[in-house]
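Same chain, two partners: chain A is paired with chain B first, then with chain C.
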Partner chain A sequence: MMESVQRIFALARITLLEAMRQKVLNILILFAVIAVGTSLYFSTLKSDEQIKFLLDFCFGAMTVFGLFIALISTAYMIPNELENRTIYTILAKPVRRSEFIVGKYLGVVALLGVVTLLMSIVFLIVLNVQAQINIASYTQLVEQEGVPELDKRQLITTNTNTVLAQAQDPMILQGILLVYARLCIVAAMAMVISTITTSAIFTVCTTFMFYVIGHMQGYARDVVMDPTEQYGPIQKALLSCIAALIPNMRSFSAIDEMVLGTKVTWDMTFGLLGYSAFYITCAIALASLLFSEREL
Partner chain B sequence: MPPANAVEIRGLTKRYRLPWKRKVLVALSPLDLDIRAGEVFGLLGPNGCGKSTTMKLLLGLIKPTAGEARIFGEKVPSLQSRRRMGFLPENPYFYKFLNGDETLRFYGKLSGLGGKALDKRIDELIHLVGLENGRDRPLSAYSKGMLQRIGLAQALLHDPDLLLLDEPTAGVDPMGSRDIRDMILRLRGMGKTVIFSSHLLEQVEEVADRVAIFHLGIKLMEGTLDELLIDRDRTQITAAGLPSDAAGRARTEEALRSQGATSVEFTSSRRSLESLFMDVIAKRKAEARAEDARVAAAATEANSRTSAGDTK
Partner chain C sequence: MRPAHDIDVENELPEDIAAAADESRWISRWDGPWHTRPSLRILLLLIVFCVPKLLMETAIDASQRAAGFHSITHISSDLRSRLTQDTLISILAGLRGVVADYYWRDVTESFMREDWSRMRSSIQLTTMLQPNSPIFWGMGGWHMAYNVAIAKRNDKREPSLARRIAIERYWVEEGEKLMRNGLEINPESVDLHIQLAQLHLQRLKDPVTAAKLYEQASLLPGAQPFNSRLPGFILRRAGREQEALDYWRRLWARHRTHTDKDMDWPRILREIRALESKLNVPIAERIRE
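So, the complex of A and B:
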């Protein structure tokens, strides 16, 4: 057991180190950090909507760049190992194919963790800088308006509390966790596909297609579950496959609702994290099974 | 009692279906082969003859269409069989950003080693393959020969009883090639079983105890080098100092025919190109060392004369 953990850890570590040295990924990470960092200058909205805009923009940027990084790093992993023949020396050792898949996947998960952490740090800095700008400009406005001293203090305090509550809302942490979970799901989907194909481009395109379909998975499940729906057997079979194999990405719309101001509870967040963990476990088990049958 | 055979192959077959061409490609026709523990076994044949396929089947990298193989009695593929095997692929590539030490550490962890045992094993192997100067250098700066050496070291990490070396001397210069050949002999001395494939027949002849010749996935012949190479009807005599003129040769021929020889052929002894190459290089190195020693001695003498003059 300990040997197995050691092998998985060694594979995860080498995957992370290798990914961090890939120019394409480094450029993507740099762009992601720059996009989140410069979001301050994109905002031309009224001050009370600026925080909301920043939340929306930064969560969007984290998702888009994270998606690219998850897709590219996972899709090219096995083809690169085959091309460089490193896979032969690895699997010639007493390493199980499932350990190889789990180790490689955990390496990608670690990479996505580093990327999400980097973007989150910049995101939180940007958010707090914007909050301070808003507080300062509001204070200046109130000072110039000639409001009585007592009301002035109260107005400034209320505004400061409101802005800081928006910028330092614990729900932002929930949002970051959900973005990360979504990226890990995408990487798991890409992992499954990359075990049955030699083309990285095919893996990227197919995973992206499944990601898009994942936003409609809920409808497919509803149709399958509803006995009153009048669909043919082929359509029902197709929808059943979608409902069973593709994760429900729409459930992560909690992030968008959070940006709009809807309260997202920790119970809901943990529920989504649990769903992600379940889907990822199933996907990696399937990837291990498919990879164990693959001829190298 | 441990099995006498390191490898037992029975009816091992590999066929690939080519659905688009509606054909079946036979990579390995049913193969029966026993390789004894402690012997060096050479797999010979042109490209695509089934050598690498046989190795991949033993490692479990591909699945057989039919038949089975056992490594020291362990069924293939299995973790147990891989624990007893080390593999060096043809033209091995490793993670270029790692240095020699980190590479061995990574493969050591995959082999279940760790802590001080791994440190000690890495030291031993770096010394065994002569990579002391490449230990801290990234593999991106390694020469082909150095990559083969680190490849051999990673194959030996978990002290396997059987080594599979796929074209271990491919692309390596004659000096490096000779080093690898010497290492194979050293491994045999350590009691390891070595299976290797090579296109360099002269080299195979020097190290292999037995060979098998493959062509288009079929094993054409198998045996010890003596069984395959000795022509019992012909005797080769190598003699120095015999007269080389026509009259002298006629007398020698007459003497041999009187002993029952039906045909006599005279050829001058010819050495191999590799032997000539190694001698020339060794001679040049010795000359360079002597020249260095001469220059150093002259410099020391000049210094001592200068010091003596200063003292006066």
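So, the complex of A and C:
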């Protein structure tokens, strides 16, 4: 058992190192520049709008860049191993195919963890810089307006508290965790598809399509679970497949609600993280089964 | 050369290779029974996976709906035509917030160009995409009731002043309607209550409704203390002294202690005393400090 774990971690470590040698860091720098530029881009907007837009943009950029990295790194992994023939060297050793899949997936998960962490650091720095700019400009505005002293104090304190509450909201951490969970699900989907296909481009396109369909999976599930819905057998079978196999990506829109200030409890977040862990476990088990059947 | 099956693995191979071969045999034994029916295994996994997956998703959806997530307002056909394929893909890729922000920038740009119909349609799109955002409802209503209405009032291309006033009134009411719709979806928003109150006070010249809205805002969590004082001042200035006094009394009764500096109780008490004197309230019925 311990040897199996060691083999998995060795594979995960190698996968992470290989990925880090690629141009992922360049993308991160690009992200950082875009994120910093955002505050300037929205500088004409109202103070509370700026924070909302910054949160939206940063979570959006984390999702897009993360999605891109998750898709590319996972989809090209097995085809690259096959092309370079390194897979034969690995599987010639006492490494099970399931260990190979789990190790490779954990490598991608670690890579996504590093990427998300770096993006989050830049994101939080930008957010706090913007918050300080907003507080300073509002204070200056109130000072110039000639508001009575008591109201002035209340206005400045309330504004400072509101801006800081937005910029240092613990829910941002929940949002980052959910973005990470979403990316891990995408990587798991890509892993399943890459075990049955030979083309990385096909894997990228199909996974992205499934990701998009995942945002409408709830409708398919409603149809499947509601016996009163009037659909033909073919439509119902198709919708059943979608509901059964594709994850519900729409539930991750909780991130948007956080940005709008809606209270998203930790129970909800843990529920989503638990769901993600369950889906990933099943997807990787499926990928292992499919890969064990594959002719190399 | 001897055939491979003749080699005695235990005795003739070096130790490390023998160990590796041993492990491979163990792996084969472990994997063995599973190899018999692969498709059955996959089917079994899918069945075992699907049922809890669907149950978990239903539970998550129910909890999110209960918390007011996934709300979307009605989408009319003219608005649907403005949602391009790229926009729809972005929304479906989980970037709804970014798309809403993009349309909000379009609101600002349309406002700068004085393209009012496009501005209104962009406001409708943003509020449709993110109905839980009070910013969009409040600012959208403000654009309509103030910016568009005043621009229409000063639009000299319309020679009739009466017609210009009617058009101005139309836009003020449109702004009010938008904010009211926003309040239905975001009843806990202090800012939206205040913006609607300001609109009633400044644009519709309706201080009673404005005072009511300020009072509602002051009762919500996150309201600033000075919001509580505004209804009293507004009603007194509108000449509704009895209603102003009733409001101050309600406010006074709502608080157990009257020492909070932020509330500025001495000022409130001065207001109460002035109104009590003016309205000849009997001494016994006056508020006691």
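By definition in this document, the second predicted complex is superposed on the first by the 275 of 296 C-alpha atoms of A that agree within 3 Å, B and C clash if a C-alpha of one lies under 4 Å from a C-alpha of the other, contacts with A are read in each partner's own complex, and residues count from 1 in each chain.
Quick note on the criterion: a residue touches a chain if its C-beta (ideal position, glycine included) is under 8 Å from a C-beta of that chain, and two chains touch if they have at least 3 such contacts.
Bear in mind that the values here come from a model prediction, so they are computed numbers and not experimental data.
S.K.: After superposition on the shared chain, which partner residues are touched by A:84: those of chain B (first), chain C (second), both, or neither?
M.R.: first
S.K.: Figure out whether A:17 sits in contact with chain B (first) or chain C (second), or with both, or with neither.
M.R.: The first partner, chain B, only.
S.K.: Once the shared chain is lined up, is A:93 touching chain B (first), chain C (second), both, or neither of them?
M.R.: both
S.K.: Looking at A:257 after the superposition, I want to know if it touches chain B, chain C, both of them or none. Which is it: first, second, both, neither?
M.R.: second
S.K.: Between chain B and chain C, pick out the one touching the greater number of residues of chain A.
M.R.: After superposition, C is the partner touching more of chain A.
S.K.: Regarding the shared-chain residue A:57, is it in contact with chain B (first), chain C (second), both, or neither?
M.R.: In the superposition, A:57 touches chain C alone.
S.K.: Is A:279 touching the first partner chain B, the second partner chain C, both, or neither of them?
M.R.: Touch partner of A:279: chain C, not chain B.
S.K.: Can you give me the overlap between the chain B contact set and the chain C contact set on chain A?
M.R.: On chain A, the overlap between the chain B and chain C contacts is residues 93-94, 96.
S.K.: Within the complex, which stretch of chain A touches chain C?
M.R.: Listed in rising order, the residues are 44-46, 48-49, 52-53, 55-57, 59-60, 63-64, 67, 93-94, 96, 150-151, 154-155, 158, 182, 211-212, 215-218, 221, 224-225, 243-245, 247-257, 259-260, 262-264, 268, 271-272, 274-275, 278-279, 282, 285-286, 289-290, 292-293.
S.K.: In their shared complex, at which residues does chain A touch chain B?
M.R.: Going by the criterion above, the answer is residues 3, 6-7, 9-11, 14, 17-18, 21, 84-86, 88-96, 295-296.
S.K.: Residues of chain B touching chain A in their complex?
M.R.: Touching chain A from chain B are residues 56, 59-63, 79, 82-83, 85-87, 89, 91-95, 97, 106-107, 109-112, 114, 151, 154-155, 158, 164.
S.K.: Which of the residues in chain C end up touching chain A in this complex?
M.R.: Per the stated touch rule, the residues are 20, 23-24, 27, 30-31, 34-35, 38, 41-42, 45-46, 49-50, 52-54, 56-61, 63-64, 67-70, 89, 91-98, 100-101, 104, 108, 130, 132-133, 135, 139, 224-226, 261-262, 264.
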